[in-house]
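The following pair of complexes shares a single chain, subunit A, combined with subunit B in the former and subunit C in the latter.
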Partner chain A sequence: MRSSTSYNLWLIAPAALMVGLFFLYPLFFSLYSAITTDEGGLTLAHLEKAFELYSNDILFTIIIVLASVVLLAILSISIAALITLSPFRSIVSLLGFIYRIPLFIPFIVTAQMMRTFLAKNGLMNNAFIASGMLTPLETVSFLGWSGIIIVFVWKQLAFCTLLITGAMAALDESQIRAARNLGASRLRILFQIMLPQITPTIGVAMILSTVTIMSVLSVPLMIGTGTPTMIATDMAFRINSYGDYHVANALGLVSYLICAGLAWFYLRQSLKDKGAI
Partner chain B sequence: MTHLLIENLHASYGDKVILNNINLAVAQGEMIALLGPSGCGKTTLLNALCGFMPIQSGCISIGDRKISTLAAEKRNITMVFQSYALWPHMTVSQNIGYGLKVQKVERAEIETRVNELLSIVNLEGLQDEKVTALSGGQRQRVALARALAIRPDVLVLDEPLSNLDAKVRLNVRHEIKALQKKLGFTSLIVTHDQEEALVMADRIAVLNQGQIEQLGTPEEIYHQPKTAFVADFMGANNKLTFSSLASLQQQISLSSLTQSKMQPSFSNKSTPYQVFFRSEDVGLTTLSQDHPKLHNETDAIRILGDVQQSAFLGGSYQISVRCGKHTIQADHHENLLEGTPVTLCVPAGALHIF
Partner chain C sequence: MGVKYWHQVFNPYSDVSSALISSVFIAVLTVIVCLLVSVPAGYALSKRSMPFRAFWMLLFLIPQAFPNLTVYINIARIFYDFGLNGTLLGVVLVHSVHGLMFSVWISVAAFSSTDPMLERASRNLGAGPIYTFFHIVLPQAMPGIIASCIFVFLESLDEFTGTFFVGAPDITTLPLLLYTASMEGNYQIASITALILLVPSIGFMIIINKFMKPEMLSKLGK
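Take a look at the complex of A and B:
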């Protein structure tokens, strides 16, 4: 018995070592660096400095993340529901194909594409002008916070919809039929039968999207207007221009906390749904 | 009085015709069993009734209300599924009361009705239980109560007992039948267990390849099958073929044939005669064929053979007897050794000839 346990330990040792060396060690090192001086003493100075310089950007990031996640949730659930419940099968199969396209386009390309699309004299406004809906003077640029949100939603929508459609399709078809022949409309079935059963998946999709949104550099750089900007940009700036790893790591810590905050909200919510609280 | 009427119903998946001209009239309060082999279209018929799949042509009506063009949620037909299809995020009483909630019935009234249903299906005290905490039999009773809660015009049950183990199945079977008698709901139940159909149904419709082969009371279906398929499906699975009427008459007199419940047209048909009978109707003896005792009964088919296999069934033995190119199953009170020569004797009254 004993020997087989130690044998098993040896079996997982290489994997554990890899995880420790390349994942846990850098993670803890960056956290550690955020709250220590070069000499190794504990300090809050880096965090203070980060807040002093970048509190606007932190707020901006939180707003962008929340707005994107809310929009993502609404849109991806709507599309998934259309795909699963709509009686118009042929339109739906087309939709089911189109929504996946953004999955295969990198963020930087999306940002570039959207830049030419959303600018004041970009494709979108030109189309509005050509169709006579706007005059050149009335056009506004969507570059800036709204553009950032649009790009994130555009890019992440496919991923979220894919997860949510999968979860909806995995529900037993007869559960939905049972509700239908009791007289429930499709909308009611969506809210009362399907969504309560797939909240875990929706939560996972939103948290993974948050983490992605927090870490993408190209979008705030290309679509944003400079100030305020997102935390990721500030971190890159701290490192590239000043070699200031401490403040960069302090900003990293703030990013973790934002993600952790959302994760906590989600966990609390899902426990509440299970009636544990 | 006809309650549910299905006329000339056709339905298909793609090019594959699944239901081919189904006609069925169900009286108020009647329970019809749909019986047939796997893939014959039983579930498809229920789905078409409930509006879960489009039909190609035909008409379904309840009373004078034509429902075949209505959406599923407007038909007032509810289904009990083989997989129960309960909603795991709701309690027992939420599941049962859902249909009433959809109809915007008042809370207090829903509660009274749910309690009533809970006692009807013997689930008192479990109303706040999560459905995932229930046994299979309990779950199916919740599903039944849920389907009955809105007082549907027709209740359809798709193999409601197939996921239950044998003993629970017998219990729930009796409960459903008793409930149906008490509440008088009109229902269609799908099964591929002939015994279940015989016990539960007022009438049985035997389906084969998307068509109703025969519709009748359990006694009619059992004793007077109209086609070879029905005879075979209802357990008369011993089959002999005779190439001509003459060869059949060597065994059995024409008068007794016409007296028995055979097809009227049998005397002038060209295909070989197929004779079906049940293993319980086969008399088996180890006496030699010309033993005088065997000739007491004149109108019977007599066949010689030898024992191939013998299986203990509890009450009796099922003996497989090899007779030339046929193998015949016979019930017998004692075990016989392999190779024992035997004589089989099937009375004319037990034969179904096609």
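Take a look at the complex of A and C:
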């Protein structure tokens, strides 16, 4: 038995080594670089500089992440609830197909599509003008913070809805049927029976979406024009224009902290819920 | 209306043709690298007796659990020292690490669904472990492994951030070309590139829509 165990370890080794070398090592390297000088001493100077230069962008990023996550939660729960509870089966199967469309569309393609759709002379405004709802002078460009949020919500909605619909489908159906037989409305079933049981899934979907939002560079570069901008753009700028890895890594540290903050909030919340029981 | 830009795009000497070729080439190499490391790992991790199984599974989840932009910046810096920046190998390695989570987790699920009795029967009848793996175990896990290949292929085809830092400017993939064209205001080229990138994604979605039920997703990782 012992020999087969070490044999199995050898089978995992190449994959584990790849993650270690090409992900964990750079990850720790970024943390190290964010808080040390070139000589190796500890310093907070890079973080201070990052805050001094980019505190507006950090705030902007946090607002974008929070707005996207809140919108995502509301929309994906509504769609999942419609799919699970609606009595109109044919509409539901159509909705079930439509919401998955963004799932496999790459971020960069979404960004390009939205760039041509949301711009001042883009498809959306042209459609409004053609229908007589707006005059060309009244059109506004959505490229900027609102465009970034629209892209992230549109793209991540498929993934979040898929996870939440899955969790709703895995619930014990007899409970829902019992509640319905006792006269509970669909809204009440959703809020009092289904949502309390699927909060862990909602939390996971939102945290994974936050990580995705913080990782995507193409969307802030292509949609977010002008200032303030997301810290992803600042990091790319710091590297490409100055080769300044310290400040870029300090901003990276901030991006880890934003994700960790949300994860901590979620964990604390779920622990509190458990304690309440 | 016109097909002028399509002619421009599909001209064999155009940027788009060469970007398409290098994108597909990189994606195929990435699939091969992922297969080579994740099939053995998936097989080993499908055994429940594997010590620290949860730890290993989590390890392969890590690349998806951190914002990876910072990591790509530092990979580029490390690769620079090894002369891997702007090389095919460097880009393939970055894409592979990103795809590894899909390929390992799906392989584990695929190997877990194989019948251990068949494996044991084959060994009892005198077949060696390697023969048994390739003739008895692997064919049973094949559908799952093919699915993981499709995932890795698509992820690599659509990857932007890693290629932006490690590959540019020497390696141009379709997403990078799309980005440059769009930022230069070359909207026709950008839109056509976007349409090319959509083809495999939509095709895959239609295939997988039949199989991917939300109920199944809730069982993933168990």
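Quick note on the criterion: the second predicted complex is superposed on the first by the 254 of 277 C-alpha atoms of A that agree within 3 Å, B and C clash if a C-alpha of one lies under 4 Å from a C-alpha of the other, contacts with A are read in each partner's own complex, and residues count from 1 in each chain.
Methods note: contacts are C-beta pairs under 8 Å (C-beta built on N, C-alpha and C of every residue); 3 or more make two chains touch, one makes a residue touch a chain.
Note that the structure is predicted; figures quoted are calculated from it, not measured.
> Looking at subunit A, which partner touches more of its residues: subunit C or subunit B?
Partner touching more subunit A residues in the overlay: C.
> Between subunit B (first) and subunit C (second), which does A:Gly261 come into contact with in this model arrangement: first, second, both, or neither?
In the superposition, A:Gly261 contacts neither subunit B nor subunit C.
> First (subunit B), second (subunit C), both or neither: which does A:Arg100 touch?
second
> Per the contact definition in the header, classify A:Val211: touching subunit B only (first), subunit C only (second), both, or neither.
After superposition on chain A, A:Val211 lies in contact with subunit C alone.
> What is the contact status of A:Asn249 with respect to subunit B (first) and subunit C (second): first, second, both, or neither?
second
> Where does A:Ile193 make contact in the superposed view: on subunit B (first), on subunit C (second), on both, or on neither?
Touch status of A:Ile193: first partner only.
> A:Gln175 contacts which: subunit B (first), subunit C (second), both, neither?
Touch partner of A:Gln175: subunit B, not subunit C.
> Should A:Ala184 be classified as contacting the first partner (subunit B), the second (subunit C), both, or neither?
first
> So which bits of subunit A does subunit B touch that subunit C touches too?
none
> Enumerate the contact residues on subunit C facing subunit A in the complex.
On the subunit C side, the touching residues are 36-38, 40-41, 43-45, 47, 49-51, 56, 59-60, 62-78, 93-94, 96-97, 100, 104, 154, 157-158, 160-161, 164-165, 175, 178-179, 182-183, 187, 190-191, 193-194, 197-198, 201-202, 204-205, 209, 212, 214-218.
> Enumerate the contact residues on subunit A facing subunit C in the complex.
Within the complex, subunit A contacts subunit C at residues 5, 8-9, 11-12, 14-16, 18-19, 22-27, 29-30, 33, 97, 100-101, 103-109, 111-113, 115-116, 162-163, 165-167, 169-170, 208, 211, 214-218, 221-222, 232, 235-236, 239, 245, 248-249, 251-253, 255-256, 259.
> Taking the complex as given, what residues does subunit B use to touch subunit A?
Touch list, subunit B to subunit A: 50-52, 72-79, 81, 83, 85-89, 98-99, 102-103, 143, 146-147, 149-150, 152.
> What part of subunit A is in contact with subunit B in the complex they form?
Residues of subunit A touching subunit B: 172, 174-175, 177-185, 188, 192-193, 196-197, 273.
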